[in-house]
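Comments concern the structure below.
Chain naming follows the written order as A, B, C, D, E and F, and within any one chain the residues start at number 1.
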Amino acid sequence: MFSAEDKASVLIEALPYIQKFYGKTIVVKYGGNAMVSDTLKEKVMEDIALLKYVGVRPVIIHGGGPEITGFLKKVGKQTSFVSGLRVTDEETVEIAEMVLDGKVNSEIVNLLNHRGVKAVGISGKDAGLIRAKKKLATVYDGDDAKKVDIGYVGEVEEVDTGLLDDLIDHDYIPVIAPIGVDEEGASYNINADYVAAEIAGALHAEKLLLLTDIEGVYKDYHDKDTFISTLHQAEAREYIKTGIIEGGMIPKIEACLKALDAGAVKAHIIDGRLAHSILLEVLTPQGIGTQVVR
Amino acid sequence: MFSAEDKASVLIEALPYIQKFYGKTIVVKYGGNAMVSDTLKEKVMEDIALLKYVGVRPVIIHGGGPEITGFLKKVGKQTSFVSGLRVTDEETVEIAEMVLDGKVNSEIVNLLNHRGVKAVGISGKDAGLIRAKKKLATVYDGDDAKKVDIGYVGEVEEVDTGLLDDLIDHDYIPVIAPIGVDEEGASYNINADYVAAEIAGALHAEKLLLLTDIEGVYKDYHDKDTFISTLHQAEAREYIKTGIIEGGMIPKIEACLKALDAGAVKAHIIDGRLAHSILLEVLTPQGIGTQVVR
Amino acid sequence: MFSAEDKASVLIEALPYIQKFYGKTIVVKYGGNAMVSDTLKEKVMEDIALLKYVGVRPVIIHGGGPEITGFLKKVGKQTSFVSGLRVTDEETVEIAEMVLDGKVNSEIVNLLNHRGVKAVGISGKDAGLIRAKKKLATVYDGDDAKKVDIGYVGEVEEVDTGLLDDLIDHDYIPVIAPIGVDEEGASYNINADYVAAEIAGALHAEKLLLLTDIEGVYKDYHDKDTFISTLHQAEAREYIKTGIIEGGMIPKIEACLKALDAGAVKAHIIDGRLAHSILLEVLTPQGIGTQVVR
Amino acid sequence: MFSAEDKASVLIEALPYIQKFYGKTIVVKYGGNAMVSDTLKEKVMEDIALLKYVGVRPVIIHGGGPEITGFLKKVGKQTSFVSGLRVTDEETVEIAEMVLDGKVNSEIVNLLNHRGVKAVGISGKDAGLIRAKKKLATVYDGDDAKKVDIGYVGEVEEVDTGLLDDLIDHDYIPVIAPIGVDEEGASYNINADYVAAEIAGALHAEKLLLLTDIEGVYKDYHDKDTFISTLHQAEAREYIKTGIIEGGMIPKIEACLKALDAGAVKAHIIDGRLAHSILLEVLTPQGIGTQVVR
Amino acid sequence: MFSAEDKASVLIEALPYIQKFYGKTIVVKYGGNAMVSDTLKEKVMEDIALLKYVGVRPVIIHGGGPEITGFLKKVGKQTSFVSGLRVTDEETVEIAEMVLDGKVNSEIVNLLNHRGVKAVGISGKDAGLIRAKKKLATVYDGDDAKKVDIGYVGEVEEVDTGLLDDLIDHDYIPVIAPIGVDEEGASYNINADYVAAEIAGALHAEKLLLLTDIEGVYKDYHDKDTFISTLHQAEAREYIKTGIIEGGMIPKIEACLKALDAGAVKAHIIDGRLAHSILLEVLTPQGIGTQVVR
Amino acid sequence: MFSAEDKASVLIEALPYIQKFYGKTIVVKYGGNAMVSDTLKEKVMEDIALLKYVGVRPVIIHGGGPEITGFLKKVGKQTSFVSGLRVTDEETVEIAEMVLDGKVNSEIVNLLNHRGVKAVGISGKDAGLIRAKKKLATVYDGDDAKKVDIGYVGEVEEVDTGLLDDLIDHDYIPVIAPIGVDEEGASYNINADYVAAEIAGALHAEKLLLLTDIEGVYKDYHDKDTFISTLHQAEAREYIKTGIIEGGMIPKIEACLKALDAGAVKAHIIDGRLAHSILLEVLTPQGIGTQVVR
């Protein structure tokens, strides 16, 4: 399809990016459509393996909400949500962990290993990676905000990167299920975007890539010309306050801000529906999606 | 309860054993009643943590048959067995993996970490640890033996200890779910005793400890005085042939023989129903159960 | 004597202590009755070997006053003391060094090695471990304090832990004779408690254990109920000033304070007349004697 | 020019090759037109830098015959050849070394460093890399072959890869001028193809790439359809004997055979006149030129 | 010639110096008569090899002005000087580099290797060792100072010691030609004294030894009794200002001051015309020449 | 006394020897007059320190017979000898150890450290260095040879060089007292020549130097012209058999043969009465004494 010379020019074009990210850690939050479509899944795995082969150190955090919902249905367990958070009793968190750690995670590991890299699936429980604490849901009753206990939904209290460092140093790709554990040993299901943000920060990652089902941030969603390629921290906070960033985009941007605060260099919201979006973002001059920078 | 002097004498008595096993790898197959009873579970975890603290390098392989059966029932899936092996279609192996890797494994990891060691849960998929192949069931029709395909039940084809070596060298305790993967990436549920045997062999472990629900081997089960403390390989093979070892004891002894053939130094069948059986076996002069030696 | 279960429970009880002191340095000042009685000597050696086997890094400093006195008598040399310090001419220090380094030290090394550890006997001369300077005796004439030169009695000027670090890193147990050397190369006999304190400090030891012939500190020696388990630095200094701590206990407590000042974490006065006192102190919840803490 | 998707597919296509050659040594003999044309020179440098960035360990050996001839002319020195070898008196070898080491070599180093890699120029003199001995020219007088001394033209006697290993291990790209030194310290100019072959062998290189001014080997040069992609050692020797391989191609093929004999895995004759020929050979499925294999 | 006892006493006398400079870096600027005379050249090489063998880490920077002039004459190129600096067009710098890197440098490397050490010839281009920038000549027209562009004459902008550190750590002796390269990749000829000074500083060398054709500094050159053995920085600057140090001595002293400013411990001007002057300076109590100290 | 040029020529003359023995182990048996005379003692210490500074790895074994005899007299203990071996009861071996380890050894350590090296005094007890067994004396009654038990006189059964390797690798000079220990922990006094021979062998030392009170071996002691510089093993054995080597020279030569058999490269008998004999032997072309070679 391409002439030899064409291929060479594409490879050469990638050279400065390969050079720039050699030996750097890039944390990928994998979720959304890119995880649902088998075709896209293939391409994400190819991208991650390629990054590894050109010297990047990828770390994957995955979600799995739809798969959990599907499995809960299978066992005849009702799911209810409070302010977008799943009410999670002990049986629910047990099933969530089984689905995330025993199914979604191990499938990603398997697909990566099949491409010749060495992936290792872990959860936040392994070697105390993620210390969690309970996260209360916020419910609004008119103007009143109330905190409601919805069970084993957690947030990250502390990240101990010891195991990640050891795995990365030995050339493994860690694939992380977003489960944490509290001081008493209870398990919590945690939002994967935030886990990815905390881990990207703790590893001082060069990039956090959030694979989402949108193209990025617009000043006005009705006008495609208002796409924002780069957002500075202050701007991002301002846009949230003034409502330019709203709805489901808020937690995504907050995860980006958290990653920067915690130590990551850059955070990107990229469109996981686009084939090879990771590769395009990291290894070509295009750059896609919206990046949040200091 | 004990005087200070009493305590000292117990600790001192353990000294030569601590010395002997310092830096040595001991593989524990954890299963049976020791995994069902919460009290016994506590004691196994204490034993493993203690071994780690006195310089032993423990590696855990666990089973989980009853938990799988329970979960299959929960999702309304019928289980049938052929010659003692579970007929395992794609849905069944998926659920088996979820239960083993996402529930049983992570619970063990959690309990160990709670005791201050650093456990890491892995399955045979991680970094290509266990390459599996399909295992056919043998069915007897009169004198005729027939091989029957019962789905995703596997046996170990090859063990790549790279990840285990790296984890052990960095002072982690690997906790392994008995799942393997074939060349095409399909998952298989494998008998945990055999996985433990193969891994003990590949790691050239000092000991394989199979926690079982029996005291060990008797020449005559009706006569408690015929207990066998030590079995040489040749004897063991002879006893199987002559029917002295029979029934459920056969696969246990075969796992021991496999471990020795593959490189382990000794293999023990010990009674997991006895509290602290691991500790008693490894750190006291008592020695319990039946050991199989070269 | 003990049931298997009893033994397990003692070993398990030791677990948190083994865990706590794994890889930590514990400096033992060995002297007094524990060195005179052959039975006690055995038990001290067992304790030290056990500590080594469970991952502690022991360092031994020994005294030897009575043996020196005995040998001086043997060669017909009179010993006199000024304010509790031996008047030490050149011949005396030569004999002291021979006894300490060539007899007491090598016997301890021998006993330890016999238990399967690797002990190495050194003195403060080796690789410049202890730089000493002359210590003058203080003599009181009524209210007047006078400094008197009593020869080759020294105090620690500087500790160079290079050799100790190298030996400890290679898993040896250093056994140290309390001899130092000044800039001109002259040898000095130094009080072993102080040597132990300085070395515990320089190594940032987790504990200094002073084996003594008393149970510890009492507020009132006539009332056994006034035993003090824990003394804070400030308290200790206060008690010396107010006379609650008096006589032979003063230099012991001062050694403890010196160790803390120089960098050790804790210092303990324990009763060497009690069998396995080291083990009891380090590996059981009893805790014996008086500890001095920050 | 290319769509994002196109670029991704080219990069993905390169993945298995990147994976295959990761950490492997590839020795490039750089010469001919690829060294004369400034455009081709640029592309060779880009290719080598890219290889380095994707984890290959490149080693460069360069020639410089035309530049030497040019400079000899400049200083008014006549050049004569015997059987294709330059008659090389002391002044000539001195000038050859100046041109090779002080001009050609340092220019290559400079161009590579400009692309962000760390190249280090060395000659066979550095740290005793190439021990040389005199090579006599063979002159035919009718059927008689006579050996003629033509001065400081050498051949490789021994390669000491110590310096190369140290440089490669520290991520430098060695750029080697084909100068050797004999036991007495006299300098020799050596054919760069043979130097490359010997070094590829001594380093057990994965590939030797000889950049030439031809496309490769044909069974019949007049029939483009007779191109030979792969030559086995035995075939190659046979073709030389039978005259299928003739003229200037003989020494090229002999260098390939020498490399294999000395320990290299494969040797390739590739067309340096084609832009990015190195990249195409190493990182694409095309594969160009003729490879000589075991 | 010497009795055994005499020899021993000389070797013993060197002991404290060997001890003092063990593992220390000594930078030698090699030039002047010591480079012209074959006898002196031999002795310099012996001295450097001896230093290496007694544990010193020598680094050599060489000049080559006379050889460059000779070669320019050979190719019929006129040389002109402005304020003592050679006017250096592109052809001139190319020839200078060839002579320095391809002739002078490789001869020194060869002579050192012949003495059993491992020398490696490099220039400032290798691995980006010396980043240069253009140096303008200063021309005085009456009292007016004017800056004149004389081509590719450079000064050191930055030294990257990475390659030197790696070579020195692997026991090589780096031999450096005073060529630098600017951001665009253009080559510059740089005064070797200054290159030596900058490198001595960047390496925090124990000593910089400038081999010159004078004995050192005199307060009054007509009175041999006014020889100055030690000059403090402030004095040196004062003497330049007051004209005590004048003419060709000024740049030498300035190089010494530059070395100290950049991080070297001491800088020495020693008489390269004296056989074994390096050895005498470093390994005997004589000490020769003038040293500049903080 | 010597001109600068003279000094340089002596240092240069030593160069090939420094080069040859760089990083090599040389074992010195120190005893005889060289230990009695304070002047000679000084010079031996200077020689050893110098060897260390030029990269040699010296290991010292010392004797101490006269000092032991002196001290036994001091404590009123009679000494008797059987066939040249001291009858050694428990009290005698205790005193021997005190003198050797606590006095002679620590004095050597002290003198070496004073010259800026790092010496560490050890005995054969440390870390199990020398496993000894009882050596019986041979008594001749006419033609009958009888074995007589003379107490704690030992011979080397096994050498464990672990501690020596660790010390040497960390740049310490081990100084070894010739005391060994048997399986039961009993101490033995061992002939220092033999200890040195065994250790030189076990360390595969480049040289064993036995400092003696004779010049070396003569074919005829009355004719100075019959001095033997080099003895091959076979010759040495022949000369002992034929009586050319006789009396006190026999055990010296046997120690040399033992060293070669056990793995040392060369063994030398040199005259310790000659100042700086070690230095002359190792670092000058003279070579003194008699060497025994393969």
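Going forward, contacts are C-beta pairs under 8 Å (C-beta built on N, C-alpha and C of every residue); 3 or more make two chains touch, one makes a residue touch a chain.
Predicted, not measured: the structure shown is a model, and the values here were computed from it.
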**Message:** With a step meaning a move to a chain it touches, how many steps does the shortest path from subunit C to subunit D take?
**Reply:** 3
**Request:** Name the chain whose C-alpha centroid is most distant from the C-alpha centroid of subunit D.
**Result:** C
**Asked** Quick one: which chain's Cα centre is the longest way from subunit E's?
**Response** B
**Prompt:** How many angstrom between the C-alpha centroids of subunit E and subunit B?
**Reply:** 70
**Complete:** Rounded to the nearest Å, the gap between Cα centres of subunit A and subunit D is 47
**Message:** How many angstrom lie between the centres of subunit A and subunit C, each centre taken as the mean Cα position?
**Reply:** 57
**Complete:** Cα centroid separation, subunit D vs subunit E, in Å, comes to 36
**Request:** Could you check subunit A for residues that touch two or more other chains and list them?
**Result:** none
**Request:** Classify the chain contact graph as line, ring, star, complete or other.
**Result:** ring
**Prompt:** How does the ring run, chain by chain, when subunit B comes first and subunit C comes next?
**Reply:** B, C, F, E, D, A
**Request:** Within their complex, state which residues of subunit B touch subunit A.
**Result:** 74-75, 94, 97-103, 106, 109-111, 113-114, 118-123, 125-128, 162-163, 166-167, 170, 172, 179, 181, 185, 187
**Prompt:** In the complex formed with subunit E, which residues of subunit F make contact?
**Reply:** 2, 4-15, 18-19, 22, 43, 46-47, 49-50, 53-55, 115-116, 274-276, 279-280, 283-284, 286, 288
